[in-house]
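Same chain, two partners: subunit A is paired with subunit B first, then with subunit C.
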Partner chain A sequence: MFRMKLYWTFTKKAFLRSAVYRFDVLSRMGSNLIFLLMWGSIWTALYAGKESADGVTFQAMLTYIVVSQFLSGINGAGTPLWDMQEKVRTGDIALELMRPFDVPLRYLFADFGSVAFYFMFALLPVYILVFLFIDLTLPMSWETWVLFLITAFIGFLIRYCIEMSFSFLSFFLVETGGIVDIFYFAMSLLSGSVIPLWFFPDWLEKLAIYMPFQGIYYIPTSIFIGKITGVEIAFSIATQIFWLLVCYGILRFVWHKASQKVVVQGG
Partner chain B sequence: MSYLPLYFKLVGAGVRAQLQYRFAFFMRIIGLITAYAGMAATMWVMLYRFDALGGWTFYEMLFLLALAVVSWGCCITVFFHFKSLDTYIVNGTFDRFLVRPIHPFFHFMSMKFDIGAVGQFIFSIVVFLWVSMAIDIDWSVWKVLFLLSTIIGGVLIQGGMLVIISALAFWTTKSEQFYWVAMYPARNLTNYPLVIYPKLVQMITAFIVPFGFVNYFPSTVILGKETPYFPDFVGFLSPLVGVVFFLLAYWLWMSGLSRYKSTGS
Partner chain C sequence: MPIIEVNNINKDFMVAKRETGFLGSVRSLFKREFIKKEAVKDISFSIEKGEMVGYIGPNGAGKSTTIKMLTGILVPSSGTIKVNGIVPYEQRQKNASNIGVVFGQRTQLWWDLPTIESFELLKEIYQVSDARYKQNMEIYQEILGLDEFLNTPVRQLSLGQRMRADIAASLLHDPPILFLDEPTIGLDVVAKEKMRTFIQEINRERKVTVILTTHDMEDIEKLCNRMVLIDHGQKVYDGDISAVKERFGKIRTLVVDVENGEATFDIVGAEVVKREANRVWLQFNRDEISASELIGRITQTHSIKDLTVEEPAIESIISRIYQEGFEEKLVSV
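Right after this comes the complex of A and B.
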C-alpha cells in the first residue's frame, strides 16, 4: 500500500528546508557554473575552431555540455551519498527504521522537494540566461522536449537507485572510501556526463553501452541535441527502463539485507 | 625554537591515532589513487579523438596533473585541518586553542597531520616517472631543484588559500562551505592547462587566486610551452608568490583571531 500523502509531506518539508539553507543553494549553483565554464572551455579548445567532429557540430557539442551540466545540477541536489553513510555511522538510521515508512522512498520524495527548490530558484533562471547569451541549439519540436523530460526523469531515478544502493553498503562495510571513489569515477566517465559516448574508443563505448550509467546523462542529452532520433529513441528508453528495473531491484535487495543487519556503531 | 620538537610530538600522536584504523587507512589510499587515475583516464579518453587540448598533449597534461596532485598532497598533510575551523567555532571548542601557552595558529595547524596523502604521493611519483620516460624529460640538477622549489611554492599557495578560507570562519562562522564553493572547483580548473580558459579566468588564477603558480606556470617552463598574456619568467615566480600569499593569509587569520568572540557554548 502506497500512502502518497505521507511521502508528499517529505517533499514539502525538504522544499521548505532548502528555502532556509539559501547559502547552500547559492554555493552549489556557483560551483556548478565553474564546472560549466571548465567543460565549456575544454570542448572549445578540443574543437579548436573546427566546424564539426565525428559528424557533431561544435554548437551541438557545446549544447551537450550545457545540458549535461544542467542535469548534473539536478542530480546533485538531493541527499548526498556521504550524508546517508553518516546516518549509518552515527546510528541515526535506527530512528528511521523505527518509523512507519519505507526509507528508500522517503528519501526519494525528500529529494524531489530539494531538487524542486534548487531547480526553480537557481538552475532554471541561470540556465535560461546561459541559453540566451550563448549560441546553442534548442530542440525544434515539442516531442523532443517531452522525450527529453521523460528520459531525464528516468535517468534521475536510475541515478537515485544506484547511489542509494552504494550508500547502503556502509551497513556492511565500515569504510567505503575506495568503493565510493570508483563509483564516482564510473558515474562521471561512463555516463557520458563530460565526454559523449561517441567520442570514446570503440571498446570503451561498447562497455559504456552495457552499463546503466549512460541512461543518466548520455541518453537524455543526446536526445536533446538530436543525436539520438527516430527508432533509436524508443530503443534508448527501453534500455533506460530495463536498467531502472534492475537498479531498483538491486536497491530493494540491498536495503532488505541492510535493514536486517543493522549494526549501530556504539550508537 | 622549541616549536619544532613540539610539532613532531603533536603530529606523532595524530599519526599513531590514524594508524589505529589500518583498514580504513588502506581503503582511503586506494580511493585516492582511483580518483586521480580516473581523472587521468578521463583526459586520455578526451584526447582519443582529438590531437591536443590547447596545444597540450596527453603526457603534458598528465605532468600538469601530477604536479598539482603532489603539492596538494603535501598541502593537506600540513594544512588541511584549517578547512574545518568552522566546526570548532560553532561548537565553542575553539577556545581551548587560546588558553594554552603556545601560538594558536601553530597549535591548530598541528592538531592534524593527514597521512592519507600517501595516495597522492604514490600517484604523482608513478606519473612523473611515466611521463619522463614517455616524452624524454631531461632531469638536470637545476630542473629537479626548480621542481622542488615549485612544490614548496605550491604548498604555500594552497595552504595559504586554506588558511584564508578558515579565517573567514571568524567573521561568518562558515569555512567548510567556502572550501567547496571556491577551492574545490578552482583546483579542478587548474588540472587542465589554463591557456584554454577565457583571458579573465587566466588573470584571476595569476593575480587573485594564484593557483596558476601551483602547476600551470611552472609546467610551461619544464615542458617548454608558450604562455600567452604572460612573460616567460612567470613560471619561476612560484616560491615567491607562495611566500607572499601565505604571509598575507597568515595576517588575515591573525586579524580574524583578534576579533574572535567565543560563542560561549
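Right after this comes the complex of A and C.
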C-alpha cells in the first residue's frame, strides 16, 4: 500500500529544512548564476556575431543555456550524491531499513520538498528577471510549455534514479572517487547541459543519443527552444520513458543488493 | 507464550583480510581473502511480556549484533528469532511497528530538523493518532523534560538531551517491546538517574518489555531482575541477578586501616587484594571464615584503627566473571 500522506510529510519537512539553510540556498543560487554567466559568455564568443549555427540562432542558443542552467538548478537542489554517500558510510541508511517506509521513495519525496523551496524562493524569481532583461525565445504555444514541463519532470526522475544508484554503489566500494567522477562527467557532458548534442562530433552524438543522460537536460531544453518538434517530440518522450524505466529498474536492483548486503554483512 | 524467542542464533561476519606490503595489496586487488568472524555463537533465550532484561557483556561480546538481529536490520547466519510472533528480518517493516529502538551511540532523529519536527515525522511514519500523540507527548515532556529543547535542531542538543529525545521518539507509537543499546552511555549521574526512572516507569505502567545493554552495572542493578551475560558471542549466564549475587556474594572484602600499610597477613581463607597507604583490602570467602573471625585474627597481630566490610557490588562480580570466566568461578567459589 502506498502511503502518500507519509511521503508527503517528508516533502513538507524537507521544505522546512531548506528554509533553515537559507545561506545554502543563496550560495547555490550564486554559483548557478556564475555558471550561467560563464557559459553564456562562452557561447557568445563562439557565435562571434554569427546569426546562426547548425540552424540554431544565437538567441535560441542563449535560451538553451539559460533553460538548461535553470534545470540544473532544479536537479541540483535535492540530496547531493556526496551527502547520500556519507549516509551510507555512517550507517544512517542502514538504520532506515528498520523503518516502515521505502528508502528510495522517501528520499525522492524529500527532494521534492527541497526543490520546491529552492524553486520558489531562488530559481523562479531570478530566472524571471533573466528572461525579462535578456532577449530570449519563449515557446509560443502552451502545448510546448506543457511538453517542456512533462519532459523536464521525467528528466528529473531519470537523474534521481541514476544519482541514487550511484550513491548506493558506495555500499559495495571502499573508494568511491572514481564513481563520483564518472557520474559528474556524464551528468555535465553527455546530458547536453552545457553543449547541445547537435554540436557534438558525430560519434559522440550517437553515443549520447543512446544514453539516458540526454533525457535530463537535452530533451526538455531542446523542446523549449523549438529544436525538437512534431513527431520527434513523441520519439523523445518515448526514449525518456524507456530510460526512466530502465534506470528505475537499476535503482531497485542496486538498492535490493545494497540492503541485502547490509542485513547480511552489517553494512 | 514468550514475546521474544531466540533459538540457537549465530551471526558470522566475513571480514576482508588485510594484506600487508606492496605485493600484498596488489594481490588483494585481485583476490581477497576473508576471515570468518563469529560475532554471535549459538545464543538462545526467551523473554516474557513485561520483563526487563539486562543484556550485558564486555566490548565486542556481540550485544549490539544481537539487538540488530532482533530489530531485523541483520539476518542471523543460522537459528530462528521471533519477536511478537514475527520473524524480524522477514517482515522488517511490520516488526518495526512492534518495537522501539534506541542506539545510544547514534541518534535516529533527523539531524538537522528541530526535535519536534522529528517527532511529527515519526507520528506520520508510525501512523500514531492525534489523540495518542498528544497524550504521549504530554507524558514524555513531563518525565523527560523535553520542553526546553523541542525547538532546537537535534544536532545542537547535548548528549543527555539527545538521548532523552531519542527514547521518547522510540516510544511514540506505543511499541510493546523496547530495545535499548547503551541508553545511558555518556550521561551524567543526574541524567542517568532520570533515564532509569523513565525506563522503569514505562515498564511498570505500560508493561513494555525491555531489553537493555549497558556497561553501567548500576543500570542493571536498578532496573533488571534478570540478566543475560554474554562473552565472545556466547551466553555464559541467564537468570536472576540476585542468584548471581548469591552465588558470588560469598566473597566479601574487609577494608582495614592499620598502622603499617606494609604489614603482612597470613590468614587462611583471606587474601590481600589491594593496598593504599595504611589501608588494606582483604578478600575473604564467607564460607571459610566469618568476618568477625577474620577481624579477630587480624587484631592478634595488628592494631586496627578503622574497618568496613564491603558487600560485593554486582559490578565487581561481573568484572570478575569477565576476567576469569563464569564456569571457573562456579567451581572455585
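By our rule, the second predicted complex is superposed on the first by the 262 of 267 C-alpha atoms of A that agree within 3 Å, B and C clash if a C-alpha of one lies under 4 Å from a C-alpha of the other, contacts with A are read in each partner's own complex, and residues count from 1 in each chain.
Definition applied: a residue touches a chain if its C-beta (ideal position, glycine included) is under 8 Å from a C-beta of that chain, and two chains touch if they have at least 3 such contacts.
All figures in this text were calculated on a predicted structure; none of them were measured in a lab.
Peer 1: Is A:Leu46 touching the first partner subunit B, the second partner subunit C, both, or neither of them?
Peer 2: first
Peer 1: By the touch definition at the top of the document, which applies to A:Asp83: first (subunit B), second (subunit C), both, or neither?
Peer 2: After superposition on chain A, A:Asp83 lies in contact with neither partner.
Peer 1: So, A:Leu189: does it touch subunit B (first), subunit C (second), both, or neither?
Peer 2: Once the two structures are laid over each other on A, A:Leu189 reaches subunit B alone.
Peer 1: Please work out whether A:Glu143 is in contact with subunit B alone, subunit C alone, both, or neither, and reply first, second, both or neither.
Peer 2: Neither partner.
Peer 1: Looking only at contacts as defined up top, I'd like to know whether subunit B or subunit C touches more of subunit A.
Peer 2: Between subunit B and subunit C, B touches the greater number of residues in subunit A.
Peer 1: Touching A:Ile34, do we find subunit B (first), subunit C (second), both, or neither?
Peer 2: In the superposition, A:Ile34 touches subunit B alone.
Peer 1: If you lay the two complexes on top of each other, which residues of subunit A touch subunit B in one and subunit C in the other?
Peer 2: On subunit A, the subunit B and subunit C contacts do not overlap at all.
Peer 1: Name, in rising order, each residue of subunit A that touches subunit B in their complex.
Peer 2: 23-24, 27, 30-31, 34-35, 37-38, 41-42, 44-48, 53-54, 174-182, 184-185, 188-189, 194-195, 199-201, 204
Peer 1: Mind pulling up the subunit C residues that touch subunit A in the complex?
Peer 2: 13-14, 65, 68, 71-75, 89, 92-94, 96-97, 101, 103, 106, 108, 110, 112-113, 117, 120-121, 124-127, 153
Peer 1: Could you pull out which subunit A residues touch subunit C in their complex?
Peer 2: Within the complex, subunit A touches subunit C at residues 5-6, 9-10, 13, 16-17, 20-21, 90-92, 94-95, 97-101, 262-266.
Peer 1: Residue numbers of subunit B touching subunit A in their complex, please.
Peer 2: Those in contact with subunit A are residues 21, 23-24, 27-28, 30-32, 34-35, 37-38, 41-42, 45-46, 48-50, 53-54, 174, 177-178, 180-181, 184-186, 188-189, 192, 195-198, 201.
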